[in-house]
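Data block below; observations after.
Lettered A, B and C in written order, each chain numbered from 1.
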Amino acid sequence: MTDTTPLSLHPDRLFPADPETRAIARELYNSVKDLPIVSPHGHTDPSWFASDEPFANPAALFIIPDHYVFRMLYSQGVPLEELGVPRIDGGWTQTDPRKIWHRFAENFHLLRGTPSRMWLDHAFHAILGITERLCPANADRIYDQIDAKLKTDEFRPRALFERFGIELLATTEDPLDDLRHHRAIAASGWKGRVVTAFRPDNVTDPEHPRFREALPELGRITGEDVTTWDGYLAALRNRRRYFIEHGGCTSTDHGHPTAHTENLPQEEAAALFGKIVRGEGDANDAERFRGQMLTEMARMSLDDGLVMQIHPGALRSQNPAVTNVFGEAKGDDWPSRTEYVNALKPLLNAYGNERNLTIILFTLDESNYAREIAPLAGHYPALRIGPAWWFHDSPEGMRRFREQVTETGGFYNTVGFNDDTRAFLSIPSRHDMSRRVDCSFLARLVAEHRLEKDEAFAVAQDLAYNLVRQAYRL
Amino acid sequence: MTDTTPLSLHPDRLFPADPETRAIARELYNSVKDLPIVSPHGHTDPSWFASDEPFANPAALFIIPDHYVFRMLYSQGVPLEELGVPRIDGGWTQTDPRKIWHRFAENFHLLRGTPSRMWLDHAFHAILGITERLCPANADRIYDQIDAKLKTDEFRPRALFERFGIELLATTEDPLDDLRHHRAIAASGWKGRVVTAFRPDNVTDPEHPRFREALPELGRITGEDVTTWDGYLAALRNRRRYFIEHGGCTSTDHGHPTAHTENLPQEEAAALFGKIVRGEGDANDAERFRGQMLTEMARMSLDDGLVMQIHPGALRSQNPAVTNVFGEAKGDDWPSRTEYVNALKPLLNAYGNERNLTIILFTLDESNYAREIAPLAGHYPALRIGPAWWFHDSPEGMRRFREQVTETGGFYNTVGFNDDTRAFLSIPSRHDMSRRVDCSFLARLVAEHRLEKDEAFAVAQDLAYNLVRQAYRL
Amino acid sequence: MTDTTPLSLHPDRLFPADPETRAIARELYNSVKDLPIVSPHGHTDPSWFASDEPFANPAALFIIPDHYVFRMLYSQGVPLEELGVPRIDGGWTQTDPRKIWHRFAENFHLLRGTPSRMWLDHAFHAILGITERLCPANADRIYDQIDAKLKTDEFRPRALFERFGIELLATTEDPLDDLRHHRAIAASGWKGRVVTAFRPDNVTDPEHPRFREALPELGRITGEDVTTWDGYLAALRNRRRYFIEHGGCTSTDHGHPTAHTENLPQEEAAALFGKIVRGEGDANDAERFRGQMLTEMARMSLDDGLVMQIHPGALRSQNPAVTNVFGEAKGDDWPSRTEYVNALKPLLNAYGNERNLTIILFTLDESNYAREIAPLAGHYPALRIGPAWWFHDSPEGMRRFREQVTETGGFYNTVGFNDDTRAFLSIPSRHDMSRRVDCSFLARLVAEHRLEKDEAFAVAQDLAYNLVRQAYRL
């Protein structure tokens, strides 16, 4: 271990440096650190838990699927092929995981100051027992250590799930999914609770790349005539019911380019749908249709109780040179300026005052936290504020979230933490980071005598555990 | 008092935790904490001071009129009727103040981390002598304590005004107001200085809900022909004069949906007015007319010396389910994205360089602080920067204001604090909060050796007292 | 020296107050404080270094050319004439530098809390040896002290350049500049490295106030037919080559009102150019043409290696009452809301994936740091993030930059510091401020155990010295 640097995790990491504030943060954190993890929104693969096969190798676990990691290396000139990202055309990409690992180790410094670095160090040390910081000199040794661990039973998905203290993990599936993995998990007798979330974008967004195939398929599997508005709605209701019954689903999720909503008279909605089915709709029609479908989903939620999540404002697959070669979600997705107060008005006029409906709003445009999201959620009974999302799911991002949301929206219109990840081994670290950042924020309020300590302990429990269960009806 | 928690106000509340910075903040604060309160903009009811009647009961004082409080409870499912908010149609609403108080006490935790909680605790403890934190178990006892106090002479409006150390309090009236309460106060011989501010939105904004009735009424009380442009302007000049002479008015206030201004040739302005008077104007005409009226108001200010306040960007009464039942300003108002640099250009081209004109700009869109407001006010002699407004009139909001405004706009283009409140008992707490947050900001500059201590003392006096008097010409 | 206050610079200035964090900041800072200054972008006058004449007097050095200073005084009612700003029409302006200095001293308090105040104090004390804080009582004495220093050889431009430890200083010239001063410097045998940057706005922006004269002049000096698209492009290539060969140029700079880009087919671009040359283009054509020229410049950069800087979103010379009398860049310039992700798409689709191209993006709209700039630069190999710009080149501004950029963009997609100044004596202070703020940010990461200390030392070196040299190819 000469030439290398020890790796450890400081027990006070992420707490403010001021000793008094840090001591309070530590106390608060100690009261919530061992609470179960509730992960109500994310993108892990349910087949992991259905099959319980070991993870293939360190590169397949940490690099190839993690767009946070490979985007940063790509931005500094490392070709995605050298990081093993598969090409759509089957063309050459690095398949030797050890070589991929070498490239990663050479560029590990690029992640300094990013949350990915903290998530990785946590996974390496706390989960995998690595005691050196990754660098080119020890890349092979660390690869071997991780690889050996991954071959043991304790590092299979189900064992990790249990070790991580996960009480519930939600995956995300589209309406065409048959939920075979969720059903297999249920049938297996394993106690781990892995539920699905209903994400209908491929059948509600006319501009979704798979809308044209997905719509008829929706008709096929539901037996409904999805060329008619009524049949289409019935098919969606049918799948929601299926997701509830066969996937433990408690929520829907809507990833739209904007927060635009509509509440058209049904005849108009039917006419718009007809236009779209006939392929005659333009971009404006697509926007209106997506907006109408948010209101339709809210209406269905009033019947079946599913909690709505709205994730607007991401521009996806924006770099054709990457998307055309490597496919979607390859790090070329980013936020855009997003408007809420006018965009949501039709939906909120219709259902914002419902006490039995929960709509969780997310944003990638932080200028909305204090300006739009907190004021809206501090008024409408149906609205809740989703946690800091995606790029903002980071120490500074989560701090800004609390600083900008709390005073107008309060703590009780927020819904705990979402890890939103496909990187399974980052889940404990992400939840731990969230608890540490929230406890640091609370500690500052206590140290500044803006919140009494006994109340801070109560809020810490709520932010780490209670609110997510209430909001997502778990 | 078993089962309850003591209530006290920590002398260091709102100061940074770092001991050195806190010590400086404390020193600075001690030098300004006893300065008189100058409240140049707000929404208290002048009849309180004219009649000096006692406040009715705790619910009528703290809950029913405070939209910060009832909006948060409403957002978590408490019906406004249960909080005693009166219905327009006279339908049922809770009229037993004690029952309203119970609902409030049950939900008091919802205000954790909000400025309302700090304002309430301050009023309860520092003003009303309550020594327990409000909770369901002590709700009745605290209700009785407050109710008893309110029946005593020391808790009548004028006695409180004097006890609070208020040097001047501005209310806000529209041009049709006859200022009877201000005249009654003046005639009463009481020394308290309660002045009015001239807010003409109901006769300058064609989309104001009362524009159609207000305009002819303006003609009636001024004897001017308000169907002509010249008569209309004369009527406004007349009422400004009346407000100055009978209400001690030194400022106007303009609450527009945007910061749009126009500087049309007079013939064009007259034609636009004609269109609006005839009811032929559309939304675009309304926007242009409001914009033109800001420039007309600036022109009149050059004559009569009234300071202009522009409060743009609030969307008001946005939830029909609330507005239609309970009326305006019931917590369904929020910010929207607001643009200044282009919107203000016509007005600034005309009068931005005037040294005898003061235009105070406010924003609910904090992204403008550093990007637009501070750069504009750091150039134009006529412009000043209003304090953190509404939702941002909070510890974090006021901190962001100073952090984002000071470096480009300086301290001397700001104008002290506005409490902007209709909650009379929150006034001492709000000014105290502002002084604490400003002194904390200054203390950080001193601790980081970015400002000398002697200068920080001078600036603290300016921010707490001198600048507001200068800017509002008091 | 009675009645005056001592002036000194605290060694810990700008470091966080928390003792542990401060100690780390100090250590980090000590490791970079003596590194050479690399100034890759700014607006100093190359004739200073060509002629090496002494600076005329204190007012000519510190007030008359510094729009940060005179804008703040103007905003508080001081006429620009009294600050010696020359009028275009040759009308009266104060020419007695001592009287200008008096006005400055009387209003020196207006700069409290601004970076200008820190830059000035640094220049006064660390460079000029002044030991009293400027005030009306000592204004004459300090004037005399500075004036005497300026007459000595140690305060001539080249001596200061060397004393400041400047390794390289870039000025900014337009394509019509013959670079005589750069050539004179080279011919003089002086070792100081003063290079140019190629800023073609006057020949690429049809709305530039000098476009109409500049375009034919470009044709004249290059011998190309700039009435044709091909001739025009050839002329630009010619001047880029000239700037590289005769001015040591390594970068271009583009100051556009927006970040709009286009990538038109060449025939369409040629047609658009024709329309503009014939004076038939409208505002939309101008916007499209500027956008097209960014893509053309990127294409040329792929050939000749010049690094591109894009500075979008400044609205310039906005106050006619100032511009018409005093000319451009007189403090009436400010940011506007700016959009990047859609605006840059044509350019990024064409060249964003190039590893041999560097495009440095700046913004005056801080809401873009975390929302658009960091996500883009964290993906595209060609993109880098320029430092906090203009109004945001301040302690709070630079802190927000690191806090909002680092987690998504990383440190290695940033490019060190730009002083961007025409105030030569502020250069050491500005670089010192940047190093102190960056080290403070790093110290917080270390104190919060988000970055290991050895890595923080490496990053501090990179931010202060290595990244700027790499990014600007120096």
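Some points to look at:
Convention: a residue touches a chain if its C-beta (ideal position, glycine included) is under 8 Å from a C-beta of that chain, and two chains touch if they have at least 3 such contacts.
A quick map from chain label to UniProt name: A, B, C = Uronate isomerase.
Because the structure is predicted, anything quoted here is derived from the model rather than measured.
Considering the contact criterion stated above, the chains in touch with chain B and with chain C alike are A.
Residue numbering at the chain A/chain B interface overlaps only partly, since under half of the positions present are found in both copies.
Superposition of chain A on chain C using C-alpha atoms only gives a rotation of 120 degrees, nearest 5. Chain A and chain B have Cα centroids separated by 40 Å. Those residues of chain B in touch with two or more other chains are numbered 16, 18, 367. By the touch criterion given at the top, residues 5, 9-10, 12-19, 71-72, 74-77, 109-115, 118, 133, 315, 318-322, 331-337, 364-367, 391-392, 394-397 of chain C touch chain B in their complex. Residue ranges of chain C in contact with chain A, taken from their complex: 16, 18, 20-21, 339, 341-342, 345, 348-349, 352-353, 355, 367, 370-372, 374-381, 383, 403-404, 406-408, 410-413, 444-445, 447-452, 454-455, 458-459.
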